[in-house]
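Got a structure here, written out as structure tokens. Questions coming.
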Amino acid sequence: MDLQATLDRISREVRPLLSEGQVAAYIPELAKVPREQFAMAVTTLDGQVYRTGCADQPFSIQSISKLFAVTRAFQLHGDDLWKRMGREPSGTPFNSLVQLEYERGKPRNPLINAGALVVTDILCGSFDPVEAEVVAFMRRLCGNESISYDVDVAQSELATAARNRALANLIKSFGNLDHPTETVIRAYVRQCAIAMSAVDLSRAICFLAHRGTQPFTGEVILDGSSARRLSALMLTCGTYDAAGDFAYRVGLPAKSGVGGGIVAHVPGEMGICVWSPGLSESGNSLAGWRALELFTTYTSRSIF
Amino acid sequence: MDLQATLDRISREVRPLLSEGQVAAYIPELAKVPREQFAMAVTTLDGQVYRTGCADQPFSIQSISKLFAVTRAFQLHGDDLWKRMGREPSGTPFNSLVQLEYERGKPRNPLINAGALVVTDILCGSFDPVEAEVVAFMRRLCGNESISYDVDVAQSELATAARNRALANLIKSFGNLDHPTETVIRAYVRQCAIAMSAVDLSRAICFLAHRGTQPFTGEVILDGSSARRLSALMLTCGTYDAAGDFAYRVGLPAKSGVGGGIVAHVPGEMGICVWSPGLSESGNSLAGWRALELFTTYTSRSIF
Amino acid sequence: MDLQATLDRISREVRPLLSEGQVAAYIPELAKVPREQFAMAVTTLDGQVYRTGCADQPFSIQSISKLFAVTRAFQLHGDDLWKRMGREPSGTPFNSLVQLEYERGKPRNPLINAGALVVTDILCGSFDPVEAEVVAFMRRLCGNESISYDVDVAQSELATAARNRALANLIKSFGNLDHPTETVIRAYVRQCAIAMSAVDLSRAICFLAHRGTQPFTGEVILDGSSARRLSALMLTCGTYDAAGDFAYRVGLPAKSGVGGGIVAHVPGEMGICVWSPGLSESGNSLAGWRALELFTTYTSRSIF
Amino acid sequence: MDLQATLDRISREVRPLLSEGQVAAYIPELAKVPREQFAMAVTTLDGQVYRTGCADQPFSIQSISKLFAVTRAFQLHGDDLWKRMGREPSGTPFNSLVQLEYERGKPRNPLINAGALVVTDILCGSFDPVEAEVVAFMRRLCGNESISYDVDVAQSELATAARNRALANLIKSFGNLDHPTETVIRAYVRQCAIAMSAVDLSRAICFLAHRGTQPFTGEVILDGSSARRLSALMLTCGTYDAAGDFAYRVGLPAKSGVGGGIVAHVPGEMGICVWSPGLSESGNSLAGWRALELFTTYTSRSIF
């Protein structure tokens, strides 16, 4: 298989989808991003990088940051994390309060907004400011010191964060948020506003494909068992309320963001990132999802 | 019927209940109120006042304020109010977010927290500060210029208002809150912290028993039809998730608060207020509820 | 006030509404009923009858039967009824299973389908067949021996009772149904299929307006306190998920059915029945509801 | 790695758990099964069988049958299946009606009761009786002609199937069940009552580990892509409301049943079945789950 030829083929085939999705409208700064863009990058564990489209252009990683934040929290606290949140798919939209109320402020998993807010609260106990630590972690994983968060996107999101404030306050009302709501919200939106390229993210995710060790630096991020466990979490909870469909169609552990990015990995082989800002109804990148589906079909990769 | 003798009898009969309820614990300042207190006051439309217990001692009216705030908003906007909230019983606890999410930020009625926050938001469009206007309205209704809100209770409530902030932000995320969340929350907790005596409240409510006109001053608060309509709302929505049971057992339009007060009225005859800080599981005053039940039994009053 | 003139006026004024509502479509036999019909009857406690429209034409009483079934069960078991169901408004549609599952098979109240099925189950413990007993009760209340249930409607409803079977089986799964599901369902649909005229029903309801005693026969159906309590239940739970709005607009205890009938009463004065088959979205007769609203406006009747 | 030694070790280590779980009590015939039993069988794709405990003793496969029924339906209808059900985790207990009502009779996935009832309804369109076809399918997959369903268990389950009847009727009320409810329920409980041994099931599942082709007979059950997709479905939906936790701890596609069995597979390598009747709160075999967790730890198998 020629990976580069495969990416080129996928790039051509997803083109008709680029005009179909909807750019996330509820964050004004994101709504300005031109829709008809596409990028895909693959980094193999031996360090080869394959790319197509604007794969070096930074985009807003948004919820993809949740995966790296929970990794950092897991490094610090291990299975103690699960005292404050579950690891089950939610079965409801990513920002729903219903389940959170029924389950008394304990979020379903760390990859939906409610859980990610609790993860941020946990990180607030060790770092100040949290967003600087997450940025530093991303830089280390990618070997790219220029990564930072986009101040305009963060500001735009902070001004329209009513739903996240509702979640954080509901969690706080049940005693599951230690720090002031606004402190947590501020760190959370800044971490979401981190800008990275598809190449960066395909590289950052490689430690999960490589049993917890970042292959390019040799840094042990997690032990092998923990890396597998976070990958399992990605599969069951990483693509909002469409995780079942994603597992069915794509069959790789992945995490998506409303900025239009999706990171995924093939265990033992490679890290992958796709980006296209147009979203489907489920909040996942329309062309990005399709690109991953074509990728696993053309390369016969799947964890199943 | 000798009303005074009836009140005295009720006062004796509810005594064993005074040690059973629980004082509202989630507002620290309220948790300090000694539990074993009872007051009852009746003001007839001809101005006679009957009282038992500490009927002149001010207590925190809490959610009872919702009734007067919605009256004030109704004076200004009439049936336009119902564009922003419903008038159906909620079937869920007073501070639940579940229904609010399913019904996209439109509260079920103005007598639960979510609806009362929208009412406060509406009043914010006309008054600044809102709490001063509500206090002025209460003073006018009672003819008691000393009524004000308790700064310590308001401060205590503001510090523990996570659930109300969750509600307000959820409403805001659906576009049903015009003013800044903290502005609305501040006015709301101050209005809840108004302190009044049972005698004051039994007098304040008389305009609803008298077809909308305050009998002692002749001030037309609402037209007759509107007064009846607000009374209907009290019956179906005034006692949290126990409105059906209250209508069944007591049979009068009423509004309760977690401070332990309940106001009610007998149309055409009288205003009533009971107070006892111990609450039942439904969040209504245990002894107060029982006192009203005994009152309608002994006096054969009921709207049915 | 001239009651006859009032009814005539109302009859004229609701005419434009007759073509707007939707006849209940889910029971094929009911779907055949011509929509543009209207009837209204008032029976005063001294036995005078006022009528307009086709007030002597029998129609399918449907859920109105729930009121009389629970009266009969209340006669037998009194407050023991409430061990098996609540008396709170449901806040959800009349045939919803959601609340029933959360509240472990205990229906919210006896005037929604779930509760009425439990009432039928209770009556099954005393009568066989239950529908014959309910028919006999209705005959006695009206002094009309020709009342019976419509076999075609019952058969039609039995064939399309999937939702009611779902409710009954869910209740049974929680152990709150003693008799075989099909036995209960059969009795239930037959009782719903009872056909009565507006005049019949305006007469049948008079015992609730008269403190429990049927004024024309002197038969004590319930004691005064129980009669008031059932009236309270009608107000908070009698018109499906629109009970708050009905109390607000009409202000009388009432019970509606999807056949297009609504019974109501003015305590101490009269029984009322309206009928028009076209329903609003809330499942209540569109013209019937409006007629009652006009009636309370023109006659200044309201319990508030 | 010595698979036999691994199974023996696991068998010793799970022994303390055998007295902790609860045998499914809601089906009387299952409640009689002695709790302290354990079996585990592994069949590799080259036909080797490893076993420990009572691995040849048939047990009631219960919900494990859902996996084989949906496979059969998928053979016939392919992706048309998803017009009538989803493929998302439910986030609620296996027999919940709540989501089914909100989502208007379309079950979340074919591996919970609601979805399995629709699968049975679909099979009713091609086979009569359905249970005979499912039995024949199981016999063919295992090469064991003695497999059949247990009449006593089926009868016992039929007598206590109120919850499943509620589900089936609710689905029917939304028009998503073509055949009579009782026809579907009867076929469903019989298919659940199929008795098989751990060895049988470890063999039956091998086609999913082998890209859709049963390795011992060469029969193509599904194409490779479809086999992977059903495996994905197992991972996200196969262990009731604990699928996230199972993926996290075990990391293999699996399907459990309340009879205490769990089937799983390691893609490209082997089929696995564990059995122990004691269940955890999530309705999955307590010792069986732990055995699979130990197995993936000791053999370093995981799809992640």
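Remarks
Going by the order they are written in, the chains are A, B, C and D; count residues from 1 in each one.
Heads up, the rule we're going with is that a residue touches a chain if its C-beta (ideal position, glycine included) is under 8 Å from a C-beta of that chain, and two chains touch if they have at least 3 such contacts.
Bear in mind the structure is a predicted one, so any value in this text is a computation, not a measurement.
Listed here as common contacts of subunit A and subunit B: no chain. Each chain gets a centre from the mean of its Cα atoms; the one farthest from the centre of subunit C is A.
Interface subunit A/subunit D: over half of the residue numbers present appear on both copies, so the contact uses mostly the same residues. Per-chain CA centroids place subunit A at a distance of 32 Å from subunit D.
Taking each chain's centre as the mean of its C-alpha atoms, subunit A lies 55 Å from subunit C. For the pair subunit C and subunit D, the distance between C-alpha centroids works out to 47 Å.
Residue positions of subunit C with contacts to 2 or more other chains are absent. Shown here, the protein chains touch around one cycle, each chain meeting exactly two partners. For subunit B in complex with subunit C, the touching residues are 86-92, 99, 108-109, 225, 227-229, 231-233, 235-237, 241-245, 247-249, 251, 253, 267, 297, 302-304.
Taken in their complex, subunit C has these residues touching subunit D: 96-98, 101-102, 162-163, 165-170, 172-173, 181.
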